[in-house]
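Structures given as structure tokens follow.
There are two complexes below, and they share chain A, which is joined by chain B in the first and by chain C in the second.
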Partner chain A sequence: MAEPMGFYTDTTVCIGCKACEVACKEWNQLPAENGGIRELSGESYDNTRRLDGIHWRHVKFVEQFPEDRSAGRWLMMSDVCKHCVKAGCLEVCPTNAIIRTEFDTVVIQSDVCNGCRDCIAACPFGVIDINPASGTAQKCTLCYDRLQAGMEPACSKACPTDSIQFGTIRELRQRAEQRVQQLHAQGEARAYLYGADEGMLGGLNSFYLLIDKSEVYGLPTNPQLPTRQLFPSSILSTLGALVLGLFGFVSLRKHRMEEIAAKRREDAGEGMGER
Partner chain B sequence: MSDTFFTAPPEWRWLVIGYFFVGGIAGGSYVIAALLDLFGAPRDRPLARLGYYAALIGAVVSAILLTVDLTRPLRFWHMLIQSESGWPMFKWWSPISVGSWGITLLGLFAFVSSLGAVTEEGWLHWAPAGKLRRGGLSTAVAVIGMVVGFFVAGYTGVLLSVTNRPIWADTNWLGLAFLSSGISTAAAALILLGLARGGAATATTHWLARLDSGALVLELLALIAVVISLGVVASVWWSAWGALLVVGVGLLGILVPLALHIRPRLLGHVSVPVAAALVLVGGLLLRVIVVLSSEGV
Partner chain C sequence: MKKVLKEINGYYTDDPSRHLEGFDRLKDDGSTTCASWLYCGVFPAPGQNLSARKEPLPPGYEGAYNNWGYSWPANRRVMYNRASADLQGKPWSERKRWIWWDGQQWTGYDVPDFPVNKPPDAPANPEGLGLDAHGGNAPFIMKPDGVGWLYVPNGLVDGPLPTHYEPAESAVHNPLYQQQTSPVLKYWERDDNQLAKVGDPRYPYIISTYRLTEHYLAGAMSRWQPWLTELQPELFIELSPELAAEKAIQNLNWVKISTPRGEIRAKALVTRRLRPLTIGGKLVHHVGMPWHWGWQGISTGDVVNELTALVGDPNVSIHEGKAFVCNVEKA
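Up next, the complex of A and B:
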């Protein structure tokens, strides 16, 4: 396998231009929603709203202004599939449509997927959705086709501020660490990396530099694999089956004993009657 | 806020709810039929046969519901056979993968057992099928089929928990709740089917009601465990869903039928069928609430 590759997104230099969204839609030929007629969401400058089947990049605008809007800021972040090293979607997929590529990215093979939607329920970040054009689950592929041609993904190429950086995970982590140190030295003590170490789902191959709590960005604090529930749930269900099976057996034996006893009484009664 | 609130809903709605209900009855029916077959009296035979037929029809209907729910229905077989290599597709850690095989096997076992049943009824005159009615083969089929039946009745709750969705992934007790509900709704369905066919309540009907009571008690305990284990996430049910859960499932679907089983004189000779009907409504409502209350988050 080639070295793991992915994204490091420095949200502190994102200007919210959405070039990444446009580049992604253009490269992947994703259709416009509603024929291009969009209703404004009323959520700051975000009219994409969320990642879905035809939006594989989504720039979030988190407004942090006081009531009088005298001072404040936007937190802008280009959301995307995290390409988790331990991917919940890959775990539960019953058709093996979801695979791990030679670049350590997670890709959904659209010709295998049958649309059961378990991956949608399993993803801790709410990334996946059905693309109505294909009827299959689709998400960021980390431009697998471009990587195989030795090119970088469309979004990172289009990003004008290098907020989205593409490279080997090893190198990206080094760069990200240096940036965090730089920000701390400049007085931004809240800067930290989200998903840059093995602690979160084995590491996210699309990790972020954030400057506020993860929930503020709409990201889970401690995302987990769906199979953490598998053994406890299965064991409880199995115990239930044993209890009910045993109850069924015991009550059925009692039911048979009652039938035999009743029959004996009936025979004895007939015998008496005959006399 | 639980991390499960940062996820997206899979849009599992009425077809999946319908499958959870029918699949639970199908699995439960096979379990009951097998119990009667293995340990019951000769007069229990008619309801055992009915149970096998119900399991077969339920398995087929389940497969149809699930296939139609897929967004690429013609690719349903991708869950059983790897589409690229042609080898069998099986991931023991993926509930949907194991479940697809479970439903397939339930259908197969129900078909085999139904073959034996129709032979016994005299509708089929085929000597080999006679082996399915008595002896080692029939015992093996009933025992293994019972395990498959239990699995199909309960795995759907586990399936919901092996996700990251609110409520579903916030508790480990859904599998047990669905399993006990599956057995109880199957018993109720067989009571009603038996009455519809035979007319009067028989001793077998009374045993089914007793089994139903046991399953209902376990279901109630499991539901209490679900609510407690949800912790702060249970606040999602501080709503119309929760009211429906308490009244529709807890009261009408569990406590009232239990009361009717214990005191049949409450409604006279309609106590048994009314209790069975309430159990079925409660079982359906349970699945509606569990699925749709999470979908709404």
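Up next, the complex of A and C:
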């Protein structure tokens, strides 16, 4: 296996140009929604709104301006599949269409996917959706085809400010740590890394440098695997079955006792009739 | 991208892995290759792309931010910066000092735009070649006589010193003096090119037009491109929540925008990025519109330049689309 590869996205230098979105669509030949005939979203400069089967890159725009405009900033962040080391989508896929590649990335094989949508619900980041052109679940492949040819993914190559950086996870984490220290030294104390260690789903192979709470960027603080409840829920199920069994036993016994009591009353009644 | 930058920076012809360190290395015998001498030095060695540097100075520290990106030529941030020091090489102002003569050489915050070892009292040598013909007190090294000119014999029609004029259409009177706009601005007098007077109550708002990264010029090429039109699908007008409330306009409502030249429609994009301005104690609202739309393509919309005036800057006739006045109503 090659060394784990991924993305480090430094949101502080994203300028919201969306070159990554277009480069992704161009390389992966993804269609524009409704042929490009759309309505204005009215949500800042974000008109594609989310990641889905035909949008594998998405630039978020967060406007933070107080009413008196005493301060203000326009946060931008290019979002993508996180290629989790412990990937929920991979766990639930019933056809094994979702695989882990030799680059430690997560790829959906379209020819094996049967479109069951289990992975869509399993992803804690809402990354996956059905591509209407293929009818199968699709998402970022981290340009698996380009990686196999020794090329970097289309989005990071197109990024003019190096907000999206591609490389080995080991090197990217070092670079990101240095950047956080640099920002702290410059007085931006809010800078921190999201998903750059094993604590979050075993590590995100696409991690982020953020300068506000993760929810502000639409990222969950504590993403969870769908299988996290497997052990407690199986215990609970067993306990539930035991309790139900016990109730059944008790009511059966009660029923039997009542039958016996009725029989006795009957027998006693018969005796009284003789008197 | 780095391959292109390497071509621009230049390299030694017999060993292209060696980049040129600066334009003083250029030779006219074919031993060096360079696409642009001005940018020579931006990429002095493989892996050393100076334009990608992002090292600011710490807050409060004075300097020229020389480790932030790169500026041509030779990473100088202010051209002719010898002029920041007096004839003896001392800063004209200690507070604004930039480069100075330390007795041995020119030094300071910025890269000196002057022969580093030429003392301020070096005499001019009329027989000398190149910069040797200039004395140590001649900062304007690209001029034949080495000094700055207030007036030029031809070319500029205004000057010599910068001043402030209001745009051809403005919501306020020029705060500096009676002359409202440039006396030499180009104006094409036509019935369909009327200008609103200062304070015209029919056109109370300032409007700026600008571009989006997703479209190119008037959009004649980019509005046929589905991947671009889904990113910016419709013409819009950005306005503050304050003005929107005043005019009962909600986000995404259709809005009618008018000037003395024309009237168009666009969807409202209500955002606090636009802010009401207080100018001379008066509250003035400001709206903004991208100008990439027209009537053909996948994405179509009204032509914003129907609002602008045919007014040109006196020297190069660039039209004035960044600031004029308009009215905004719910459509």
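The definition used in the following text is that the second predicted complex is superposed on the first by the 233 of 275 C-alpha atoms of A that agree within 3 Å, B and C clash if a C-alpha of one lies under 4 Å from a C-alpha of the other, contacts with A are read in each partner's own complex, and residues count from 1 in each chain.
By definition in this document, a contact is a pair of C-beta atoms (placed from the backbone, for glycine too) under 8 Å apart; a residue touches a chain by one contact, two chains touch by 3 or more.
In this text, all values refer to a predicted model and were calculated from it rather than measured experimentally.
Of the two partner chains, chain C is the only one that A:Val22 touches; chain B does not reach it. After overlaying the two complexes on the shared chain, residue contacts for A:Lys213 are found with neither chain B nor chain C.
Comparing chain C and chain B on the residues of chain A they touch gives the larger count to B. When the two complexes are overlaid on their common chain A, residue A:Arg170 makes contact with neither chain B nor chain C. Of the two partner chains, chain B is the only one touched by A:Pro94; chain C is not. Shared-chain residue A:Cys123: touches chain B; no touch with chain C. In the superposition on chain A, contact of A:Thr227 is made with chain B only, not with chain C. When the shared chain is aligned, no partner comes close enough to touch A:His184: not chain B, not chain C. Once the two complexes are overlaid on the shared chain, A:Arg73 sits clear of chain B and of chain C alike.
Touch criterion not met for A:Arg264: it reaches neither chain B nor chain C. Within the complex formed with chain C, the chain A residues making contact are 13, 15-19, 21-22, 25-26, 31-40, 42, 44-45, 47-48, 63, 65-67, 69, 72, 74, 162, 185-187.
Across the interface of their complex, chain A is touched by residues 52, 54, 56, 58-59, 212-214, 225-234, 236, 251-252, 267, 269-273, 275, 298-299 of chain C.
Within the complex formed with chain B, the chain A residues making contact are 50-52, 88, 91-97, 111-118, 120-130, 135-136, 215, 218-224, 226-227, 229-230, 232-234, 236-237, 239-241, 243-245, 247-249, 251-253, 255-256, 259.
Against chain A, in their complex, chain B makes its touches with residues 1, 3, 6-12, 31-32, 35-36, 39-41, 43, 70-73, 75-76, 78-79, 82-84, 89, 91, 93-97, 100, 146, 150, 154-155, 157-159, 161-165, 168-169, 172-176, 178-180, 183, 203, 206-207, 210-211, 214-215, 218, 222.
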